[in-house]
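Listed below are the structures to be examined.
Both of the next two complexes hold subunit A, though its partner changes from subunit B to subunit C.
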Partner chain A sequence: MSEILRIRDLAIDFNTSEGIVSAVRGVDLKISEGEVLGLVGESGCGKSVTSLAVMGLLPKPEGVLKSGQIIFENKNLTAFREEEWQKIRGNEISMIFQEPMTALNPVLTIGDQLGEVLQVHKGIRLGSKENIDICVENLIKVGIPRPQQVLNEYPHQFSGGMRQRIMIAMALSCDPKLIIADEPTTALDVTIQAQILDLLRELKETMKTSILFITHDLGVIHEMADRVMVMYAGKIVEEGPTKELFANPSHPYTQGLMHSRPGKVKKGDPLYCIPGMVPSGRQQIIGCAFEPRCQYSFRPCKTICPLLEFNEKGHGYACHLSKEGGIANVGKAVNISN
Partner chain B sequence: MKSYLIRRLLLMIPVIFGVSVIIFTLISLAPGDPFAQMIEANPSMSRADYENLLNSIGYYDPIPVKYAKWAKQVFSGSLGYSISQKQPIADMIGRRLKNTLLLSIPALVLSTIIAIPLGVLSATKQYSFLDYILTLLALAGISIPAFFLALLLLKYLAFDLKLFPLQGMETIAAGYTGTRWLHDRLHHLALPLSILTTIQVAGRMRYTRSSMLEIINQDYIRTARAKGLGEKSVIYKHALRNALIPVITVLSISLGSLLSGAILTENVFMWPGMGTLVYQAISNRDYPLVMAGTMLLALSMLIANLLADIAYAFADPRIRYD
Partner chain C sequence: MSEKPLISVTNIKTYFPIYGGVFSRQVGDVKAVDGLSFDIYEGEIFGLVGESGCGKSTVGRTILRLLDPTAGKVKFRDDILFSVEENERLSEEKMRLLRRDMQIIFQDPFASLDPRMNVSNIVSEGLIAHKLAKRSEAVEIAIDLLERCGIAGENAGKYPHEFSGGQRQRISIARALSFNPKFIVCDEPIAALDVSIQAQILTLMQELKEEFNLTYLFISHDLGVVRYFCDRIGVMYLGNFVETGTSEQLFDNPLHPYTKALLSSMPLLDSGLEMERIILKGSVPSPANPPSGCKFHTRCPFVFEKCKMEKPEMIEVEPEHWVACFLVENSSENQNEG
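So, the complex of A and B:
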């Protein structure tokens, strides 16, 4: 499988009135053609910021790309000018957002909003028969009944689930090579969630598009992703094929997340949660970001940042502890930091 | 929509009645009378004549009786006679109304054309040098009173430099015709129009700016960008359409102040419009004229409010009346 997106050492800062916030602190990521990569982590760990960076949509002027490269099909997006980004956005990379209720423009018809993507990228005039035909076809693909009428209707006439389907249809308009789905089911209720996931899975199979799937829901990621990356405080702490990672969660944070799932708890027992809070982006983190919340924390964790170490199955995690509880990675980390 | 409109129009009737009762009562309670000035100007007038005059206009009648008499006159179609000018009010207002609209409609159009693009510019370039300059100017425009600005312009441009006429709406008794006449009119219009426009631009620009800023941070603007639309399309198609909804409402409501918005400016420039007419009517205690003027203002406010609601339904597909 050829590689479609690669991110190298991505670091993003936000200049806020209260000082600099480091949202992403060095992320490496790779997505192959047709692959679904799941990115999990708690709120505020930098998942969404990473995805916005890939779209070139970091809020300006506060969001600053401090270092790193985003390489999409051998093009270095980080060096792109705004006009070059515009040719990629919605065309080769498209995005599905978290909040379907507010993601559609309330004063424009669905047909207008769907059709304008085709007009911008394919030059198919808005309102032309060809434009309408493609929009109808896309609406059918995402399971929207009476697509002809829908084109003349406004977003407020649809439920959240329907709006998310419309957003997905919009994202599919130009047959993108990569779809970024940023918590696409978080704002929906459970039955609608399942429907949208079914739809995405079906599209993944039929269209062979790569998907970067961002969520904090492990159940969702288990169903959707081929490979999973776990993010914590702006860094990847564990990465591996979905089956392998779910079978052997190795980073204490991943273990904590797995443990926090309600399904594993006996009736009457309290739900498990990882103690403490995600560190604020304003804090300087020298050692392991998870150290203050980690039950296995020991001396080097406070001062040395652990690196991702992969095994032969392509499963890696960034922790000073090896599975046996030894101190396997400490030496290497010291060498590099020197 | 049709039944909604009929309902709204019917509702206006009790509102107008209520407004007329309140205004009428307030004016009748105000101290002074229409002939007080006359007696000062003419000391030879006897006390008895003065009382006779007051009795002839029913000054001593109880308020409900006075109101009934006034209402009868209104329904007879003449809107009554002005006490001070001895003319049918309908004719007087007709002429003055035209003059006021001649001033206030161009001001409304001009200020809107200037204010909306400046507001958008100010919002899209928030915290830029341009934004600060526009904010400063808007602050000045809002806080400097119209009459003061008008006096400044009169002093420097009209009196010192003699670039513009001092007052009125045409050179009296000049008998201009054709383009000379038009030029003369525009020449007289220039100063009051710029004053009115400046004041309106300031407020409307700030309103557009804040509305635009709120919209720019909405999710659907991010969606529009994520589709790969150019910045122009994002701002003018996706953002402006939404940002204008509240602006349209405010604009429709300001239609209601077309008649009353220029009272101070009209008086400074001696512009023979509704503003000067009502102002003089109030100082003369010319009750029928004050009533006619204020009722017209109230009516135009009510209509403007209705227009605002209708415009809202057109601008925002989420609003439907049925």
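So, the complex of A and C:
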């Protein structure tokens, strides 16, 4: 599989009134053709900022690209000017946002919003028969009934799940090579979430699009992604093929996340809690960002930042303990102490 | 768990009027809660689950008399809070006293704390308003409670914006505890929090329940959390229960098609259930104009003629396990005959 997107050492700062916030602190990432890469982490870990950088949508002037390269099909996007971005955005890379309620323009019809993408990128005039035909075809692809009428309707006439389908239809308009889905199901109910995930899986099979899937929900990532990256405080702490990573979560943070989910914990058994909180981006982090919350913290953790080290299965984690042969499963440790 | 219900809810209905037309006449009702009966026993955690708009929050607020009921009766121990049919209503004076025993924790800790009060004042306000303590004593009690909920005493002078979401939820809990209540309505208390913080808050709530001998009505859309946390669960759809039972009964042996669909839409990682995924078509109909007969018939994969005409009653299939579905009725009848 050929590589479609590669990010090297991406670092992004935000200049705020209260000082510099380091949102992303050196992220390396690659996505191959047809692959679904899951990026998972808690709020404020930098996952959305990473995706905005790939779309060239960092808020300016406060968002500063401090270092790094974003290479999409051998083009370095970080050197792009706004006009060049516009040719890529919505065309070769498109995005599905979290809030289908706010991502659509309330005063334009669905047809105008879907058709505009085609007019801008493909030069197919809005309102022309070809334009309408493609829009209808895309709406059928995402499972919207009576597509002809839908084109003349407005976003408020649709439920959250339907709006998200429309967003997906819009993202598909120009047959993008990469879709960035930023928490596409977070605002939806479980039954609707299941519908949308099902749709995305189906589209991925038929269209062979690569997807960068961003979420805080491990359950969703487990179902969608081929490969998973776990992000904490602006860095990737663990990465691996989905099955492997879920079978052997190795970073103390990943383990903590998995065990703090009540899903499979027996009723009455204690839940595992990661103590403390996510560090704010304002703090200078020298060693391992997870150190203050980590039960295994030892001397080097405070001063030296651990690097991702991969095994032969392509599974890697950034923890000083990997050299000591890794750690026992946190969950097991909890059970013993109880 | 004692045998005496702490809260006894009989056939409550809460409708919100819809006004329309030139003279803003009432043109209809949003039937948010449409006939619900259940008991909550002392020391129990009763869970309400359902998708957005099914009326679960309205139930919580109606019980606390924060909303005006359209019909039904709610009893708290021996006091009838209201009974629309018997035209009874506890006087405001007595209700005010009872409110000390009944508290609520809201979903959004960013909206439920007054930004202009420091946290010790937030927690002690109620005690002072009810003249249960002098200001200095009340602040002392508040600091004790905050510490019990994991907020260090020296932070008691800080304002809500200085805390993270998880900490604010701890403050909300401390406030709810200030009267030493018997019963707390928890309206999605962890939905706005990150996974690792959710586990912390759930654990805290569990500990407090034991320590203060509390009873919870726990409202949530997260099935994994409800399974772990609640003793008994009611599954709601469009203002009605479709199934109620103990946590084990519902998760090991779901009988209503909606419950089955809900459970099967959970990501596998959460449920650990190897069940065939039922993907429901469409979205929840509007509660202003609910479908006839069984309200779920428009989305039910097993629908037949009778469902469209008649409304199924709740029947008890095993102790504590109630279902409203004709399919279940049929199969139990068949069993009896056989």
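Things worth noting here:
Basically, the second predicted complex is superposed on the first by the 319 of 338 C-alpha atoms of A that agree within 3 Å, B and C clash if a C-alpha of one lies under 4 Å from a C-alpha of the other, contacts with A are read in each partner's own complex, and residues count from 1 in each chain.
In this text, a residue touches a chain if its C-beta (ideal position, glycine included) is under 8 Å from a C-beta of that chain, and two chains touch if they have at least 3 such contacts.
Predicted, not measured: the structure shown is a model, and the values here were computed from it.
For the composite obtained by superposing both complexes on subunit A, the positions of subunit B and subunit C are free of clash and fit together.
By the touch criterion defined above, A:E244 reaches neither subunit B nor subunit C. In the superposition on chain A, no contact is made by A:E33 with either subunit B or subunit C. Contact with subunit B, but none with subunit C, is seen for A:V107 once the two complexes are overlaid on the shared chain. Residue contacts after overlaying the shared chain place A:E3 against neither subunit B nor subunit C. In the superposition on chain A, A:Y272 makes contact with subunit C only, while subunit B stays out of contact range.
In the superposed model, C is the one of subunit B and subunit C that contacts more residues of subunit A. Of the two partner chains placed by the overlay, neither subunit B nor subunit C lies in contact with A:E309. Measuring from the middle, so to speak, at the Cα centre of subunit A, the directions to subunit B and subunit C differ by 70 degrees in steps of 10.
By the touch criterion stated above, A:L57 is placed in contact with subunit B alone, subunit C being left untouched. Once the two complexes are overlaid on the shared chain, A:R89 sits against subunit B while remaining clear of subunit C.
Superposition on the common chain A brings subunit B within a closest Cα-Cα distance of 5 Å of subunit C.
By the touch criterion given at the top, residues 218-220, 222-231, 233, 237-238, 241-242, 245, 315-318 of subunit B touch subunit A in their complex.
Residues 42-43, 159-162, 189-195, 198, 216-220, 222-223, 246, 256-257, 260-265, 267, 270-275, 277-278 of subunit A are the ones that touch subunit C when the two sit in their complex. Those residues of subunit C lying in contact with subunit A across their complex are 51-52, 164, 166-167, 194-200, 202-203, 221, 223-225, 227-229, 247-248, 261-262, 264-272, 277, 279-280, 283-284. The residues of subunit A lying in touch with subunit B in their complex are 55, 57, 82-83, 85-91, 94-95, 97, 99, 102-108, 116-117, 120-121, 154, 156, 167, 170.
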